[in-house]
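Some notes on the structure that comes next.
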Amino acid sequence: MSTYRIQGATGDWEVVIGLEVHAQVTSNSKLFSGSATAFGAEPNSQVSLIDAAMPGMLPVLNGECIRQAVRTGMAIDAQINKWSRFDRKNYFYADLPQGYQISQLYHPIVGEGSLTIEADEKAGIPEAKVIGVERIHVEQDAGKLMHDQHPTMSYVDLNRSGVALMEIVSRPDMNSPAEAGAYLSKLRTILRYVGSCDGNMDQGSMRADVNVSVRRPGDELGTRTETKNVNSVRFVMQAIEHEANRQVDVIEGGGKIVQETRLFDPNTGSTRSMRSKEDAHDYRYFPDPDLLPLVLEDAFLEDCRASLPELPDAKRARYEGELGLSAYNAAVLTADVDTFRWFEALLAETALAQGKKPAEVAKQAANWLISELFGALNKLGKSLDESPVSHEQAAELLGLVGKGTISGSIAKQVLETMLETGEGATAIVEREGLKQESDTGAIEAKVDEILAANGDKVEQYRGGKVALFGFFVGQTMKAMQGKANPGVINEILKSKLG
Amino acid sequence: MSVDTATVAKIASLARLKVSEAELEAMVPELNGILAWVEQLGEVDVTGVEPMTAVIPNTLRLREDVINADPLTGGDRRDAVLANAPAAQHGFFGVPKVIE
Amino acid sequence: MPNSSNSITDLGVAAIRDGVAAGQFSAVEVAEAFNANVAAAQSALNAFIVATPEKAIEAAKAVDAARSAGQALGPMAGVPIGMKDLFATEGVQTTAASHMLEGFVPRYESTVSRKLWEAGAGMLGKLNLDQFAMGSSNESSYFGNVISPWQRPGSNAQLTPGGSSGGSSAAIAARLAPAATGTDTGGSIRQPAAYTGTVGIKPTYGRCSRWGVVAYASSLDQAGSMARDVTDCAIMLEAMAGFDPKDSTSLDLAVPAWTGSLSGDLRGKRVGIPREYRVDGMPAEVDAIWEQGIAWAKDAGAEVVEVSLPHTRYALAAYYIIAPAEASSNLARYDGVRYGLRDLPDGAGLQNMYAATRAAGFGDEVKRRILIGTYVLSAGFYDAYYTQAQKVRTLISQDFAKAFEQVDVLLTPTAPSAAFALGENVDDPLSMYLNDVFTVPASLAGLPAMSVPAGLDAQGLPLGLQIIGRPLDEQGVLNAGLAIEARAGFTAKPEKWW
């Protein structure tokens, strides 16, 4: 149980959170029509007669959307329902041309599943926690309304109307903003791994409805409110914090929580009630008579399963186990699709360049990627995708370090130059004469000089001040303009100092 | 189940049909007559009977994920889509301004 | 050999098609003859909402040119037909007989009408109907009632041509068209055919595509053919039917060669007489014509047996829950946003625009059914009404399936009376609904069913007999119809008073 509490005037309150995530399915065309789904097109240019709900139009189901929903369900170990059905959710709004949304209320395509969020002490998640998923169903997205283009009119763009959505409904298993944030991040990562949704929350391809209630520890569940269409992990966490506090204030002030729909305002970090519509909630669901029950064949399900990639948890375990990476590094590298893909490409190239097995160079590649390249790209304001240094070039650089041609600290310098000039590592090392000295004789001579010039410190070291070892290493390196193989320096010093 | 003017007013609102007081008054007995008549369905023993899901036994066909495969069911036809619009504006459908 | 305008318009589909192919007359001659009849009858009968004489000529010219060039002609080549104004016709107003769609010009063609034009047919115009196909008397059209060409002898009281395909049935009976499309949801092809002494067939649910047909009740709507004899109906239905990938409920089966396999020989066939169709208060004449039909079936070689369809009496109630429920949702798209009527009172917001538009655009019967439909789907009533009705529907379907284990087709009257006078039933919706008592069960079960004229009542008005067949056995239905038609020798036609 999370230790997160709201401290109210009369005592502590627990928070109960459930998330309903709407994720746009990655597919070429819409759920029930052949229009394109790409983001950012001219208004109403990706709208078919069906999307516009012209008289006599009928829906025809896109098999790819079903495949993606099934793959997603499999990725969260969920029950796949071989028999499912579409229902109409009836209400009137300008972004809903049919006057109903085709969804799946009674018999969704995916049943119960779960995902695990990792322990994160700093965030107040003491140990890994399993968050249940109640169901995933497939439904149509609505169009878009713009209210600021004309003084008296709102403008309707139906490009998004009819795009396939997966609605992923969690169990109310989260108890803190951090847990909710972790769940949403993990879910997004899984969707991106599976390739069923690109998770671009700022483009609206993934959004969350946040259900929040509060209660005294041990009490029954309180009345919940729903904050709709929150489109970033940060905002979700803010919304929860604000809403939970608001609810505690209301209850402690003698009021009651009204079950209602709210909107999050990112500018103020607060939630506000939506204009209430009296009969907003009678959707009169009934099975869509233009569609027949959906039956999934075993062969289709097998194909879906076979197409799943290595998922985040499995990949992280393999990075730690097979590749010997630290838990931290494994977590960082598997946190996103783009990251692990880059890493795995780098690993392959690095192993090739050094003629070694991946497991033998994994730590080097991982450490360098995380400690060196990420930092450098951050400074340039570039993402990994936009890295001016390619996998091959990086592997070349790592190869030079691995073979002892340059030291790790020289490699930092080389990387900077690579980023500036686009040259390859070998060329830079040649040109700037950065090869490190590995000749034992030359290094030994320098070590002798340093030890001779610092007799008193040698005495202190031998007397027990072992920290001085680093001083000798540093001095030797300085005397060799940083171009000495640190490993060799260490060996020689050890043998001389005893 | 019978309805009164309040119920009919509520249903009319759900269905977005503006009805005058006079129309409401007239509709109540009409609807009640029909509803009373369909009540008889309650007499039927439907134990173990599944509601009809497909009139002629059939299951849903899945189509290929191809953009605009059939021009009749594809997009990229804004002119056709806006051709009968009461208030088309710069490629959008115009509606009375909504405040969310 | 007919060569005068008068006699050309007495010809049916087969005769016209064959006559054009043989060069007895040109397709243009045929089109001109029917165009003239259409124009002459419009003010009296109001069968058409819009006449399209130029389109009939255009199609006819194309057929004549093809014939001259020695090209193969389609199965409907040179046959001008009426198109019920429920089918979207590209470039030609499509209204569903409603103010809501007055002025709506589709940029697309329905699948069924496209197939007919591709088969060589031409369009005389868009036929009047009950608004949104909801009605049994064609008294709910925004564009005025259709007046039946039939009158009681010695009376000029206006009679109903039936509904909802009232314009279609009136046009055929009055020789304004040799054939017309209809749609049948609860009897809207069969009952008007019976009232006007014409033939009409509703195929198995899913035989004809619903794409581009303005939807009323999706799980019940079916397009069908109407003409003056069984053979003509078969020819036209063959041209209309077939799998359409744009309609998810479309049957993926080849269209059998119904016309080529027509046979009135019923030896070896068993005809069932459902005892529950003998209702209280059924007029003696209707009973008499039914007995007559039984005798004809026997004469054709069939064995006639009594069967039971125990849940028959619940069919109407089930229909008047299911159809309005689906309609209430299908008609939600008519909201004044993207096409059709928009009524925007001063200062009205979006939701008020909806309410005002729909109040102004829909007729009374449409509103009534939307309200019933909305009610039966609403929270708290869904199980009691909608689910119950769908279960009863299953039972009705099972009744038929059991009966068809013993017999090949069923024979019943089509309607409980002959045509009534306009205005007789408008004040009591319930009494209007009871006109569908014999036709609705076959609709609920999705079965092919046809009405053939059997005789006249004492007032000289047509009475029809209905044949219901197994799913996919349109052939069995057509054959039994042919057998009855041959023996009924129905040649009566309305005396021209217009």
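Should a chain be cited, it is by its letter among A, B and C, assigned in written order, with residues numbered from 1 in that chain.
One rule holds in what follows: contacts are C-beta pairs under 8 Å (C-beta built on N, C-alpha and C of every residue); 3 or more make two chains touch, one makes a residue touch a chain.
These numbers were taken from a predicted model, which means no experiment stands behind them.
Engineer: Computing the C-alpha centre of each chain, which chain sits at the greatest distance from chain C?
Structural biologist: Relative to chain C, the chain with the farthest C-alpha centre is A.
Engineer: By C-alpha centroids, what is the most central chain here?
Structural biologist: Given all protein C-alpha atoms shown, the central chain works out to be B.
Engineer: So what's the Cα centroid distance for chain A and chain C, whole Å?
Structural biologist: 58
Engineer: List the centre-to-centre spacing of chain B and chain C in whole Å, with centres computed as mean CA coordinates.
Structural biologist: About 23 Å separates the centre of chain B from that of chain C.
Engineer: Just how far, in Å, is the C-alpha centre of chain B from the one of chain A?
Structural biologist: Taking the average C-alpha coordinate of chain A and of chain B, the gap between them is 40 Å.
Engineer: By the touch rule stated above, which residues of chain C touch at least two different other chains?
Structural biologist: Each of 104, 107-108, 219, 245-246, 248-249, 328, 332, 335, 337-339, 350-351, 354, 374, 378 in chain C touches at least two other chains.
Engineer: Give the residues of chain A touching no fewer than two other chains, as numbers and ranges.
Structural biologist: 49, 52, 60-61, 92, 94, 154, 156, 282, 284, 291-292, in rising order.
Engineer: Find every residue in chain B that makes contact with two or more other chains and list them.
Structural biologist: Residues 13-14, 16, 58, 60-61, 63, 70, 72-73, 77, 80-81, 87, 93, 95-98 of chain B touch two or more partner chains.
Engineer: For a test of understanding, state which residues of chain B touch chain C in their complex under the given definition.
Structural biologist: Against chain C, chain B makes touches at 1, 3, 8, 11-19, 27, 30-31, 33-35, 37-38, 40-44, 46, 49-52, 55-56, 58, 60-61, 63, 70, 72-73, 77, 79-81, 83-87, 93, 95-98.
Engineer: For chain A, which residues are in contact with chain C within the complex?
Structural biologist: Chain A reaches chain C through residues 49, 52-61, 88, 90, 92-94, 97-100, 154, 156, 277, 281-282, 284-286, 289-292.
Engineer: Spell out the residues on chain A that touch chain B in their complex, using ranges where they run on.
Structural biologist: 27-29, 33-36, 42-52, 60-66, 85, 92, 94, 145-147, 149-158, 263, 274-275, 278-279, 282, 284, 287, 291-295
Engineer: Note which residues of chain C are touching chain B in the complex, please.
Structural biologist: 103-105, 107-108, 204-206, 219-220, 245-246, 248-249, 251-252, 311, 314, 317-318, 320-321, 328, 332, 335-342, 344, 348-356, 358-359, 362, 367-368, 370-372, 374-376, 378, 381, 384-385, 387-395, 397, 429-430, 433, 445-446, 471-472
Engineer: Which stretch or stretches of chain B touch chain A in the complex?
Structural biologist: 10, 13-14, 16, 53-54, 58-70, 72-78, 80-82, 87, 89-100
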